[in-house]
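Both of the next two complexes hold chain A, though its partner changes from chain B to chain C.
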Partner chain A sequence: MSKKKKLMAETELASAEIIHPAEDPKLRLLNVSYIYSKGTPFEMKALDSVSLDIHRGKLTGIIGHTGSGKSTMVQLFNGLTTPTSGKVLLDGEDIWAKPKEIGKIRFRVGLVMQYPEYQLFEETVSADIAFGPKNMGLSGEEIIERVNEAASFVGLPQNLMDQSPFDLSGGQKRRVAIAGIMAMRPEVLVLDEPAAGLDPQGRRAIFSGIKRYNRETGCTVIIVSHSMEDMAEFCDDVVVMAHSKVLMAGSRDEIFSHAEKLEEVGLDIPQITRLALMLEKEGITFPESLYTVGYATEAFAALFDLGEGGGV
Partner chain B sequence: MKGFALGQYYPADSVIHRLDPRMKVIAAILYIVASFLCKNFFAFVLLVVSALFLTLVSKIPLKILLRSIRALIFIMIFTAVINIFWFTEPDAEPLLAWKFIKIYRGGLFNALFILVRILAMVIGTSIFLTYTTSPIALTDAIEHLLRPLAKIKVPVHEFAMMMTIALRFIPTIVEETDKIMSAQKARGADFTTGSLMSRAKALIPVIIPLFASAFRRAGELATAMECRCYHGGEGRTKLRILRYHVRDFVALFVIFLFVGGIIAINIFGAKYGWVYTM
Partner chain C sequence: MPLIDIKNLSYAYREEEGEPISVLKGIDLSINEGEYVVILGHNGSGKSTLAKLMNMVVDDYEFAQGQILVDGIDVLSEEITDDDVLNLRKTVGMVFQNPDNQLVATIVEEDVAFGPENLGIPHPELRERVDRALETVGMSRYAHHEPHRLSGGQKQRVAIAGIIAMMPRVMIFDESTAMLDPIGRREVIETLEMLNREKGITVISITHYMDEAARADRVIVLDDGKILLDGTPAEVFAHKEKLRAAGLELPQCTALCYELMAKGLKLEGPFNTPEQCAEALTRAYRRREG
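Moving on to the complex of A and B:
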């Protein structure tokens, strides 16, 4: 790149308007675009100059309709793909500054891909979970400790650890795959649709395991999901994507107070929020936006208390 | 990887794209035959002109076409060089002689001719078959053309079905390989550094899941086909019925004209002793 061009690119980056900015973001995307099959008739722009901050230590949910570019975005976070233009900053440093050392970035940002159960290959579950830590060059004891810790986060019972991963159920395979990344103890854990295709109980188990990981280790966690209800229940921050761009991002409260906007782009809002919106149309107001059943119960109780002057 | 997954087929709106695939298979065969028939300089000129003509008519960008040539560049140069050194003319003065190496004028021409011949064949077949014909249409055409063999109990339909399925799954498997490789890279697998042995070993985490899923897919597909009562080719009708149009016969006529032209040039060349024959 010529000096002039470089300067221009830098000023452009400086002028990027970051969505949901943070003082000290864990991850920052600066004007990131990604184009599949560039230079062929099948060219496809999957991300269109996205500038976004992921807050340190938070559990961030990414939602968006199918094909909105969620998977494309999360693969940029750990350097699996290189942005067509723009920069990905981890702790303020460009992850592609030293392309040779991208392997180190992949240990710091752990990515669980969509439908990860097909990546299992070892003879036993514990050996498969140990694959990542082994690649990091850890000692035997350390590996065993991490494998057990990761297995407990995702709720894998001890008696499964010596079975072949090919003999497990779909949900169990999913847990093994997630544990395989968790065992690397990445600073940022990214999960692409970790609960897709699981039953409600399986979903809850996986989500609460991930949340526990976030709270106990203090690591930044990013979850891609279709389910608004899960997002509403488990996430601190929410990023909404639509048509290769970030439509909005912010804390959970901020995002769900724009429930109507979410519906406009074809996303499902939690049923309880929809109910609250309907009631608001009828003239019943709530002090804050409702998105989980827990909050709603309290809010309704408070409402009835006021309405009927005490006991029900 | 992705470029390969999409195959070589290049969607465009050209006369060649619209030709019947059976006619294109025949045309490709005739074109190869023609390039082998070329015997003298003028015949080769006609061959080059025809290759340029095909490129223009097919609307395939030169850049894309060059890609298929690039894959064969080594073989082409190798054959050409071998030809330069191998050629001997007993009663001609060598252009260059150094120890046992002698290079003759005829050798240079020979190398050039062979280069042109390979180039023309690659361009001809890739334009007729790969760039303008989707793989599925191609299998369909081959099944049609080989149908007479079914009379002598060759399982033509089964072969065609196998080919169709294989073609159908190449992109899927390439995509899956990509995905599994990414997933293992995310777990710190390294496919690019280290000795040959360690790199081969690094592929184990890719190959095992790939095979597992290929077998699973094969099983699922077989079940799905059985559920829809697939029972082989007998009495089976086609969704897309191939029909010849006027343009197909025009194209065939042009090709025959071209082959005839080359034969005519050869005969004249032999009669009047045109130079640079091979």
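Moving on to the complex of A and C:
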């Protein structure tokens, strides 16, 4: 690197004001911009100088409208797209430092795309899940272990393992596809709308499995979703995207205490949070922001002095 | 006479080999003109099959039994004529889940014209229908746009306009909001409610979003190929355990109100929407203060 270039890189570092900073982030975006179809009439800035930390070991949710830049962002995390400008740091190192080795990054940051069930292709469920670990060059024993572990995270019963993935229901296929990435045990697991199109219990099963993976392996997990209610229930941290920028990022408590701001940008806040805002206008207030049924039940029980489980 | 009258309907399909797989097991269901009905059920409960049978868009009728009368014509009858099928398609319009799979033309207004043109609607009227349909869904501004550049919600509204232009009496929405983001969902729900309330079109919406069900006149819950519950949203939501067993969950606020009542708080319903729940809780709070 030339002296001038190095200096520029450092200036870039210094000027970036990182949102939701961590001391030792798993992933860091530094002044990242991404422009689609540059130089054509359809040129569009999908990300506009974003600087953001993703905290190590946390389950982070990314929300925002279609076109807010969130899908672009997750594709930048594993080097599927190259930033137009700025840097993506994984464990403090620029993932594009050696462009020829970007394949290694994709083993470290696993991406589950939308509707991943369309990407199944093997003859049996276990072969499909084993595809990734096999490509990583793991031994036969290790592969079996990884496959079984991943299947148990997503709740696939053993008797399905020898079936063709194409005979499964939509929700089961989805789980196979997610297990296939989990089996590679990426340091960062990124999922784009993992529960889209599933019924309420299917959603819950998928999200619980992902959370268990996060808690038991300690791997960093990032979920992109439209569903604020799922985010509120399962995530540690939340990143809100709007107009190609990060509108806010922080712990879920911090984010949901700004419910009105979320509503302003037209995001669907959880029903419970909307209820709390309506009651606030009637002069009924709560010490903390409410976003899950569990918390709300406790808070209301305390408010109304109801017996068992009622607050303090 | 109900517009749709289903009697003892059973349906199964056969994979390449093996026993037929039963999907619907004895459905009795009448839907009157002008109703706004939501059909709920988990993935695989049979709700989509039921919808597709009403419009004759399943592939295989070998294991279909019972009657599906649409405007008096039995869809499953062996004597059904091509004219009957054409009439059926004029009566019942269907909007599917994936907006990208439903648009066929390269210009929005041509896409909307596709259906009515194939029904043989002559020219001046065709133009009028297309314009009116686009106006109804609020997409007139995009008449000359390319569909693939629209947002998901906009694409779905174009697909709806294509159906409206055929002037059906019933519109079936088969998980038409499932692939949309919250704004797109809202656009589509507002459109379908407007079609029902202002244009008098019978709406049957298949979904697993419970908050959509809360806004309907009538909610039907399918489980394992049978009708588990059928009633107003309030009646259906009162069966929390049955819903859970059927793979569904109450809307958050409704669940909260029931939880609090179970803990001894006296609340007066309905609790279908967050607004209603806020009202009930405010009333309880004032009563306590007062």
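General observations
Note that the second predicted complex is superposed on the first by the 297 of 312 C-alpha atoms of A that agree within 3 Å, B and C clash if a C-alpha of one lies under 4 Å from a C-alpha of the other, contacts with A are read in each partner's own complex, and residues count from 1 in each chain.
Convention: contacts are C-beta pairs under 8 Å (C-beta built on N, C-alpha and C of every residue); 3 or more make two chains touch, one makes a residue touch a chain.
These numbers were taken from a predicted model, which means no experiment stands behind them.
When the two complexes are overlaid on their common chain A, residue A:136 makes contact with chain B while staying clear of chain C. Measured by the number of chain A residues touched, the leading partner among chain B and chain C is C. Contact with chain B, but none with chain C, is seen for A:121 once the two complexes are overlaid on the shared chain. By the touch criterion stated above, A:75 is placed in contact with chain B alone, chain C being left untouched.
In the superposition on chain A, contact is made by A:226 with chain C only, not with chain B. Of the two partner chains, chain B is the only one touched by A:113; chain C is not. Applying the stated touch rule to the two superposed structures, the chain B and chain C interfaces on chain A have no residue in common. Looking at the complex, you find that chain A touches chain B at residues 36-37, 40-42, 75, 78, 80, 103, 106-107, 110-113, 116, 118-121, 131-132, 135-136, 166, 180-181, 184.
By the touch criterion given at the top, residues 15, 41-44, 97, 151-152, 175, 178-179, 181-184, 208, 210-211, 247-249, 251-253, 255-256, 259-260, 263-265, 274-275, 277-278, 281-282, 284-285, 288 of chain C touch chain A in their complex.
Against chain C, the residues of chain A that register as touching in their complex are 65-67, 167, 169-171, 196-202, 204, 226, 229, 266-268, 270-272, 274-275, 278-279, 282, 284, 292-293, 296-297, 300-301, 303-304, 306-310. By the touch rule above, chain B contacts chain A in their complex via residues 2-3, 6, 10-11, 176, 179-180, 182-190, 204-205, 208-209, 212-213.
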